[in-house]
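Take a look at the structures listed below.
First subunit A sits with subunit B, and in the next complex the same chain sits with subunit C.
Then we have the complex of A and B:
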């Protein structure tokens, strides 16, 4: 028998990856071993990024590796230089991987950069567990200092801090934002952790033996708990998303639909280079390059082609060019700078992003 | 030509028969005809006697030939006719030298000797003599082919370029619909949609009978047949074009009228004098042509001239009674110029007081019929022989006319008699001088006429059309007004031309000046730039302006950092949660609990260590990002150096190079966060580096690109509009290439747009 550190579903329910004692294995739904990936060794934690078809693994040797599942190639291998990596989660909003470290920091990683995008000091003791909500706004961490903290990941600012007498070893967020925390052999479920200060849990349940892992079931009000003496499924009312988006993830899809979806998803696969902290960064103009080029152009031309002429009111005689009058005339044309030319009117009329 | 040559051959006979001096060509012709007639008549009677004579003649010829051959040098036989045949071939005329050769000068010589020949025809003959029209040798094959190719290319290019506008239009169109000529949408008559529908009830029949009788629409309720016909006759666009044309014409007319009114109001007498003089000159230049093309207008002009003559006769304006004239008369004895001026004035008087006998109006219609045929012949053949001498200054006011043959015959004899008596005296005095003058004048007029024609050709289609119209017009009124119009237009053209030339000259000058000026300006600009550049360069990077404030910021943050240290990090107040279920006490032999204990101890002591190490790490990151100060001091340069000697403070300050500080870090105000400042190069490859064309700033572009296009976010109409296909074809329809009609339609549309 070999110890299993982590198991993760891949893009379909037909395949899953298993981090075993030494290597990373991939099995199909019948339990047949498909691949044994030797380049990924001593994996402790895994995350699957569904839109990028990437399997991110964190190993005991401090390596964060990315495996492209669609082509079977290693995209990036980053040495984090922070020791054993046994706390990991992903931000579903921007596919950034969060790692928790024993020195109380949480680091954010993308496959494109060899150093951490962000390094946050969250706890005075080591970080035991990290979870990020569906919208990518909030991050919840629990540490050795028996504290549970809520952060705004967009601004990297702490929002709330809770003290749990026993400290939470595992954290899991449901689709509707319910937080389950395992403190020893007790599973606690909290509601609205980030919006209102919580004083007591929404639900609590004692299981036999120490809790090793928790996870909410998507689209269902079920929390699965793995503990010292087996597995317990716990009903948590209001945990799952009742109104599913059939185009995004359809729990009732047929085999044909699944096949169709797989093809479409592969066609719409996002390249790993596009993983950034701000997903809208791609739609922005590359300012530094732009400025550099613009500077070169201005030098070559001898003038700034994009410079806007400042409005200088005409000088008028007979006292009509008084300071007040000048200001008034300036005000009359001030709005013209803010006006968008007619070319953009069409795009402005569209409904804004939700 | 045949006749002329024969005349030479039959010189003897002619001389023998008619002793009457030749008067004109017309007479000659008559004589010939008579001669031929008589020959025809007498042929049968004289046939036997003539044969004998001919035989005698032949024998004599042979004898003569034989004698001539005895001399050794053989003369080439000269084919000479002794008798006139009914049909003469013009090709049998020998062209080599010898007695048979006919020269134009020979013919003209006769006229010159004869005083009865009008000066006009004489002049024309002289002209003819001067003009040597030899046909140029044909170009080589290559040259002609080259020219032809060139012409063909130009033609093809013009043909093809007609399509340019429609092509660009189609290229720019957001959507193209094929096939191009689609039936217009809208209500269609019932007949076209329903095949087997006919009137059934008697009431219906009655109604339809009534409708059809009144030509009212029976099925299509929108337009009556009359309306449809009118619509078909002229489309809206055509009507617009026509209206625009009319408007333009009216506008031009009004401009001209306004200008004329302005001119008339000018008080300067001198100006008007100059104007009238110029006008008269211009008029005279065109009058000859006008007589040919538009006799009615010419007649009017003549009437005007007649009026002027009358006025002149009434006044004493150009006679020797004025003050100026008297003074000139005194000076004339000694001064050549004064004499000349005097003479000129008198001539003017004569000109103006001369009576003009012009039977123009009587039969110009006949003339018009003739002109077509007579164009082929030289002008003098048809010219009036009224016996006036062009060289005579008294006759200078005379105008060229085209009287008919009949009138010619009537006037001829009288004129000949009068002129012969009057002109003879004058001629003797001024013959040579005036002849030269006349020649010069003729030459001038010819040249001017030629120029005018050229200008007409250049004038374009419009004028040509006008002249054609004029030829066709029957009404005198119409022709009158048209002629006026042409005069006006011609005058404008002329003036336009003049101004153009003037402008051209000006323009070249101006352009030269401009160029010079440009150069100068350029240099000035350069100078300015030279001045500007150093001042502008330091200004242009915005970072350069910022440094002081940034430095301040940095300083503040440094102070702050020193301030934060351990106290500011992780200071969030904690809420204690009451847990209903307290964790059960685990077994003491559980290894986990031992680990927990150890971690608890670690936790108790390691807290401060974690924070301080994190802060150290952060400072290290900040320092890495800071620009380094480069020290360029050279110890010992310009002073003593060595152990224990430091360069002075002033020097150290002077040679320290500080580069511009970086923009503030993103984690400047977040004590417990380190945000990497590294640039994500993998993403920049996919980003936009420069603003696409219509956008003016980043915000516009980013907001535009951020807005989603999909059906989920937009209305159906917007999505359809955004994802409109470029080309739409009808299923099963034949898409034929674009026809010429499409081009016309397009042109019309363009013209209509311009017009409106």
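Then we have the complex of A and C:
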């Protein structure tokens, strides 16, 4: 029997990926082996990015590899050069992968870059577990220095720091913001870790063996605990999202609805090139390209087509154009000279007068 | 011990019988729907690609003329009737829903130079190379009766263009001068001349119904007011205009189709520079017609293509061409804004869709919503380079593609030369002339 390092469901309940001792296997829900992917070797942790159909795997050799499960191609293989990758989590808001390292740093990765997007020093010892909330605002990490820290992952600033007498080996965040931390054979659930300083846990439970993994069930108030003696499910009131959206993730969908959803999800599959720290970057105005093209146009034409002509006050008849009057009219538009927008600072040229 | 956890009753979420529709509860919380910008971008990209897949604008070809089609006339009251006049004097009335010819009559001895349907829709006028203006009934003659015009007017010179007033029984012809006729008289009630020997087309303004515009052979466009005795003003351009068309929504705008491969949109109050120069054809533009919304127009050119322009865009949004379609002589945009009719040199009239990827017919409400949604998405992301590249891509026949490149290189060379001349001469001695002003020679009142 082979040892299994990690298991992850793919986009439907019909397929799951298993990181076995040597290679990565994909099985059907009936247990039939569908694929054995040998290019993914020594995989320790996996994360599935649902909207990109990407399976991100972290290996013992320090490689972070992305597999597109809809097409079956390896999208990116990044050698992180940081040693054994044991701690992994994804940011559900922007699909960035967080890796925790034994030197206390947490690095953020996207498949488009060979280097880490961000490197944060979080703990004085090694990092044991990382979790990010669903809005992508807070990151909770626990380390060997028996501390649990809450960071603002958008500004990369520490917010809170808690001391746990035994340290937390696993962390899991629920949809409603409840944090579960496991130390030894005790599971503790905390509520509202980031807004108010927490003094005592919301709930605690002792299980029979050493806790290996924790995961909250998506739309239910249930926490699943995997430990040395087996599996335990804990009821945690207030953990699950009560109102699900029928078109996105619907626990009560029929087979027909699932088929329709799968087709639509595959059509809307986001390309891995769009994974960035800020997911709304596409909707922002691209000022740099506009300025570059404006500069090119000015060079090609020889003059600036967007420059306004100098204001020349009209000569009024019947003596109404005295020197004082002309100056007064010029003063009315004098402020326009100072209203130069920052876009055209370098390239403004006056159109030659006729 | 009682614990309050989430418990859902499946009866609230699953349908009762298999004849009901599925229940779909919604939650619009944005944290449940991440990546909205990326997903909408992907949807817009797919929608743009599908638009190109479904872009099949050609609908039908109306066959039957025995010589090239010279002019088309829209029926003012019926959407499914079209009249066409050919170069051998034949006039055919077509039923567009059945794609067949309903009536044929031999109107003139030579070319049918112009045709127009009266505003009431009961009769139509034709002019021909035999110097006559004939008025015909719209109904076909009964069994055993001959095709006879209601009225025939003999003129002294050849007539080249014809248009009818929108509201009263007055029509205008042009030939050697522009004449205004009353239907009851056999001589023109007014004639306008301005030292030009021939006019090629005349058009009434559909909004300001007393205004007229005509294209003269001395490269000018002359504007008239029917209530005055002399023409209003004229603008002389660098090359001759073939036809002009008034914007049915803007009272003072018209677009003219010029020999120098461009179309110019003018505001009649400021004729010294056109509002817009529309460049994309590679040969002389022969005819232009506006859409009834006034936002777009279609142009027919000697280079065997039809182009659709938006009224404030310098380049075309769509180009239609077929191997079998030779020089397109006349073009019309149907009054329901959906179809384009083109008459060409090789005796065929073709029916095209105005929106190439549009699904015709009645759409189900969900279909219509989906179409509106994808349309809005395409508009939102239209400036992104990948989407713009796909949306702009059109296949062109090889000779037109090469001709376009050649024209672009020539234009670049001229511009570079002008820039160099300006760079190496005294500043201010070579003024910058904008593209719009380059084509207007003068305005004469």
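Here is the rule we use: the second predicted complex is superposed on the first by the 284 of 354 C-alpha atoms of A that agree within 3 Å, B and C clash if a C-alpha of one lies under 4 Å from a C-alpha of the other, contacts with A are read in each partner's own complex, and residues count from 1 in each chain.
The rule is simple: a residue touches a chain if its C-beta (ideal position, glycine included) is under 8 Å from a C-beta of that chain, and two chains touch if they have at least 3 such contacts.
The structure presented is a predicted model; accordingly, all values stated were derived computationally and were not measured.
Asker: Which partner chains sit in contact with A:30 here, subunit B, subunit C, both or neither? Use first/second/both/neither.
Answerer: Touch status of A:30: no partner.
Asker: On the superposed three-chain arrangement, identify whether subunit B or subunit C touches more subunit A residues.
Answerer: B
Asker: In the overlay, answer first, second, both or neither for which of subunit B and subunit C A:162 touches.
Answerer: first
Asker: Given the touch rule stated above, what does A:112 touch, subunit B (first), subunit C (second), both, or neither?
Answerer: In the superposition, A:112 touches subunit B alone.
Asker: Looking at the overlay, what does A:201 touch: subunit B (first), subunit C (second), both, or neither?
Answerer: Once the two structures are laid over each other on A, A:201 reaches subunit B alone.
Asker: With both complexes superposed on chain A, which partner does A:302 reach: first (subunit B), second (subunit C), both or neither?
Answerer: both
Asker: Is A:274 in contact with subunit B, with subunit C, with both, or with neither (first, second, both, neither)?
Answerer: After superposition on chain A, A:274 lies in contact with both partners, subunit B and subunit C.
Asker: Does the superposition put A:282 against subunit B (first), subunit C (second), both, or neither?
Answerer: After superposing on A, A:282 lies in contact with both subunit B and subunit C.
Asker: Is A:3 touching anything from subunit B or subunit C once the two structures are fitted on A? First, second, both or neither.
Answerer: Neither partner.
Asker: Counting contacts the way the document defines them, which residues of subunit A are shared by the two interfaces, the one with subunit B and the one with subunit C?
Answerer: 274, 280-283, 302, 351-354
Asker: Give the list of subunit A residues in touch with subunit C in this complex.
Answerer: Residues 51, 92-95, 134-136, 219-222, 235-237, 240-254, 256-257, 267-271, 274, 279-283, 301-303, 351-354.
Asker: Which positions of subunit B touch subunit A when the two form their complex?
Answerer: 529, 540-541, 569-570, 572-584, 586, 592, 599, 602-603, 606-607, 610-611, 613-614, 617, 667, 670, 672-676, 678-680, 682-691, 694, 696, 698, 700-708, 713-715, 718
Asker: If you look only at subunit A, which of its residues touch subunit B in the complex?
Answerer: 103-105, 110, 112-113, 115-126, 144-145, 147, 149, 156-158, 160-166, 183-186, 188, 197-201, 204, 206, 210, 273-274, 276, 280-290, 293, 295, 298, 302, 306, 340-341, 343-344, 347-354
Asker: Can you tell me which positions in subunit C touch subunit A when the two form their complex?
Answerer: It comes out as residues 3-6, 10, 13-14, 22-29, 31-35, 37-39, 41-43, 46, 384, 415, 419, 422-423, 427-428, 431-432.
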